[in-house]
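The structure appears below as structure tokens.
Should a chain be cited, it is by its letter among A, B and C, assigned in written order, with residues numbered from 1 in that chain.
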Amino acid sequence: MTNLTELTLAEIRGGVAAGTFKAVEVAESFNAAVADAQAALNAFIVTTPEAALAAAAKVDADRAAGKPLGKMAGVPIGMKDLFATKGVQTTAASKILAGFKPEYESTVSQKLWDAGAGMLGKLNLDQFAMGSSNETSAFGNVISPWRRPGDTAPLAPGGSSGGSSAAIAARLCPAATGTDTGGSIRQPAAFTGISGIKPTYGRCSRWGVVAFASSLDQAGPMARTVTDCAIMLEAMAGFDPKDATSLDMPVPDWSAALSADLRGKKVGIPREYRLDGLSADVAKSWDDGIAWLKDAGAEVVDVSLPHSKYALPTYYIIAPAEASSNLARYDGVRYGLRDLPDGANLQDMYAATRAAGFGPEVKRRILIGTYVLSAGFYDAYYTQAQKVRTLIARDFEEAFKQCDVILAPTAPSAAFALGEKSADPLEMYLNDVFSVPASLAGLPAMSVPAGVDAQGLPLGLQIIGRPFDEQGVLNAGLAIEQRAAFSAKPEKWW
Amino acid sequence: MSVDTATVAKIASLARIKVSEAEVQAMVPELNGILAWVEQLGEVNVAGVEPMTAVIPNTLRLRADVVNADPLTGGDIRDAVLANAPVAEHGFFGVPKVIE
Amino acid sequence: MSNYRIQGATGEWEVVIGLEVHAQVTSNAKLFSGSATAFGAEPNSQVSLVDAAMPGMLPVPNMECIRQAVRTGIAINAQINKWSRFDRKNYFYADLPQGYQISQLYHPLVGEGSLTIEADEKAGIPEPKTIGIERIHVEQDAGKLMHDQHPTMSYVDLNRSGVALMEIVSRPDMASPAEAGAYLSKLRTILRYVGSCDGNMDQGSMRADVNVSVRRAGEALGTRTETKNVNSVRFVMAAIEHEANRQVDVLEAGGTIVQETRLFDPDTGSTRSMRSKEDAHDYRYFPDPDLLPLELTDAFVEECRASLPELPDAKRARYVDGLGLSAYNAAVLTAEVETARWFEALLSATAAAQSKGEADVAKQASNWLTSEFFGALNKAGKDLASSPISPEGAAELLALVGNGTISGSIAKAVLEKMLETGEGANAIVEREGLKQNSDTGAIEAVIADVLAKNTDKVEQYKGGKEALFGFFVGQTMKAMQGKANPGIVNELLKKALA
């Protein structure tokens, strides 16, 4: 019998539809894998095996009854614990939401359930999606299934969607939701040898997703193949009247239109991304990517994104500013943690609750955000950052006059060890250097595995597209996927 | 611009996060490091540049004035609203007594 | 120029007043969610997940609230900003679930406008005065705290949380409590005409933050205080009176005014500093990233303009110029939109009943309405809204007077009956036989009888005491139970006494 946990999303869907195996069997296999890995990898905050089984049983029953099956029928997935799930604890990996059971379901998760997916559990993440290594979760670090050869030192699965990336790489689920504010889908995908796409801002509804930075947050799928990402994105995307920033556009059939034939397409290589000190491994994989896309028929052109070096500082003003306001609702009044010291008044209660509930990185960002918005500093920091953001978006507009997609590394290095960068927040922030610009411009961008570094750890390549051109991004991703023929997988040590 | 302990304490108070003296001390260099780094934005010439207001060209849609058109954004759900409250009594949220 | 001054121990002080009026926008649903706005519902029953600021909830603006604010802006001749934006005002309070209020600081929906208050000599407003309105922006209302239900806790009700408000910010153009009161009344009238706010101050649909400062004549503006949430015209005037005098006392005692938020206590008529809002706020306003800029089309603004009814100033002018009403009647009839509507219905029914033009019956209708009908309603403890008499019913009564069927004094009695029983005027007159007697023979007989019984007075009259004429009219009318046609009585009496 096939090892069901080795199958891709498309294979599972196909097998269930064809009757090769039952959806319940698939759910059972993944439930077992999840349970088996939980102690070692800590990828989930909550597991929901019964939910996975119930969804699978419904798909099996529907199939038996001859009813049409949804896009995700029979596919059990992991749900990043930033999506509100009705009746299932939703925490954003923060103590301040410990025990919070929403009375509502996020639009994106509801769409996935409606499409026939089942929930294996709520995936761990950086607290409030703030982090690049999954070390800021109140529920413990996620441990990457990858290890350096001959070394048991735990590696970072990337962040903030570190639970998602680790779980997929470890075959605990074939696919998972992620969210990306400055690279939180792409960087963990790159670190764990999987694929993930952040669609155009507005494609996926933000309704019911715990907000980090509203103008940047965007949900997307993470999976092992480009095709799987395309299928799952079709199920997640779509107009939502409950989100004022949602795009009122039809959802294309991306998976059906996938094509690795890039003849007639131009691929831009941004010269500013050739950073001094870019690791040789990363530089080589980028060169490989260029060669592969040429091989797929694309023409490669140099492009310039002159304000690239300002993207990170811009991001680290705008994101904390929005976060400082978005996280004001966690005050111990209506849900979540309340810390009420003896004799405390209302304002004392707020301060105590928030001190006890938020982790250090969240506090750091709230304080930065509060500071940059405060009287006398607003224009110098926030307004200036929003102006530079305009320039960064304009850089992309200019570049896309000369090319159809942009190819760049996803992250400046392969996965680092846990604890390696957590002492210095700035060093951690620099990890997002290649992923943040597309976030600031709201552009679709994906990471696909491109090979491994000298230590055998995965490296990702990033494709950035024009607004709404997820298809172009996915097609280029497919061309790389086919040529990279990435087959490395973490050896099971847990 | 850089922050001192008094400023950090003031920001923490504005953000309603209780911080100890030691935490303030530790945060000063951290925040200053980050602020010094983001201040490189000051060197960008932004003359005539509008601050970004919408990252993807899109217009603000307005909702029709209909009560409870969508149960997910409508009322009459008191139990759901109070379900996760640390303190709820007689249909209200309870907070430490406020003197106005 | 207002001549209102505070007489301090060291001399005269002028008062400078600006009002920020929060008017609840008339809408079915809240500004950013689909929960209802009705007054007086069970606690937390009109609260959506959005209003309770559950994690991941998002605002989507209600078009009707935007429309009403634009209509209001047009009604005060203000600039409508076709590009506006919502900003977040960040602060922590138990009535503010999001931890921020969605408001408009940098780019309000409505810009500069104005309204004019009428002259009112008695109130010290010698001539009409135009009060500038700086802006109108749209924002969320907060919830409500109840402090007296539990010994150690305050209770939070979020029913009001997220209800749409217009904040209408005046220029500091008012110089006396009377001007502020007149401004607030006029604003309320306009809002009710437009239909953008019901103006029910006792239900909190309209409340004012009162900014007051004092200065010596000709000097620079003093430091102002802001007295929050004053909820009636009378209280606004009392708060200004008290606050201005308090400030003068402080200054004359060598003190300084602290820029602060104060609270008005209606029981004592005084203001006091608000402890809970003492700390100087740094609201960290920034554009709400959950919302895009609000862009209005020309067609939308035009629809708003076209949907506006005739506004009070225009209506009053038309009543005077077109209908020939007195300035006083025109002012009374246009002060409330319901009154004007009632009057116009009465006018149209009266003209129809008497087959005359509206202008020909306008004086009759307006005089009757303002003197007879309001008085009678008042006596019966009723108002127009609860009146058992419709404009058509009133027109029936006026027609009976107009065509001489009954006299004015009989009409008064008929009106009382109508109010009492709800019966129609014709039916009452018919049943009670109140029709005026115009039978000259009958009247002549009564006159002859009256004169015969009062020969002494006839002598005196003929001797030059002409004031006695009224006595003969009265006796004749009395003898005919008031039903004689007074015109004919006059005419025949003159003849008989000639």
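Everything below uses one rule, namely that a contact is a pair of C-beta atoms (placed from the backbone, for glycine too) under 8 Å apart; a residue touches a chain by one contact, two chains touch by 3 or more.
Note that the coordinates shown come from a computational prediction; the quantities given were computed from them, not determined experimentally.
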Pair with more cross-chain C-beta pairs in contact, given A-B and A-C: A-B
Central chain (by mean CA position): B
Interchain centroid distance [CA atoms averaged], subunit B/subunit C, Å: 40
Inter-chain centre distance, subunit A versus subunit B - centres from mean C-alpha coordinates, in Å: 23
Rounded Å distance, subunit A centre to subunit C centre (Cα mean): 58
Subunit A residues counted as touching two or more neighbouring chains: 100, 102-104, 207, 215, 241-242, 244-245, 324, 328, 331, 333-335, 346-347, 350, 370, 374
Multi-chain contact sites of subunit C, meaning residues that touch two or more partners: 49, 52, 60-61, 92, 94, 154, 156, 282, 284, 291-292
Junction residues of subunit B - those touching two or more other chains: 14, 16, 53-54, 58, 60-61, 63, 70, 72-73, 77, 80-81, 87, 93, 95-98
Of all residues in subunit B, those that touch subunit A in their complex: 1, 3, 7-8, 11-19, 27, 30-31, 33-35, 37-42, 44, 46, 49-58, 60-61, 63, 70, 72-73, 77, 80-81, 83-87, 93, 95-98
Interfacial residue positions of subunit C with respect to subunit B in the complex: 27-29, 33-36, 42-52, 60-66, 85, 92, 94, 145-147, 149-158, 263, 274-276, 282, 284, 287, 291-295
Residue ranges of subunit A in contact with subunit C within the complex: 83-84, 90, 92, 97, 100, 102-104, 106, 206-211, 213-215, 241-245, 321-322, 324-325, 327-329, 331, 333-335, 346-347, 350, 370, 373-375, 378, 382
Residue numbers on subunit B that touch subunit C, as the complex places them: 14, 16, 53-54, 58-70, 72-78, 80-82, 87, 89-100
List of subunit A residues in touch with subunit B within their complex: 99-104, 200-202, 207, 215-216, 241-242, 244-245, 247-248, 307, 310, 313-314, 316-317, 324, 328, 331-338, 340, 344-352, 354-355, 358, 363-364, 366-368, 370-372, 374, 377, 380-381, 383-391, 393, 425-426, 440-442, 467
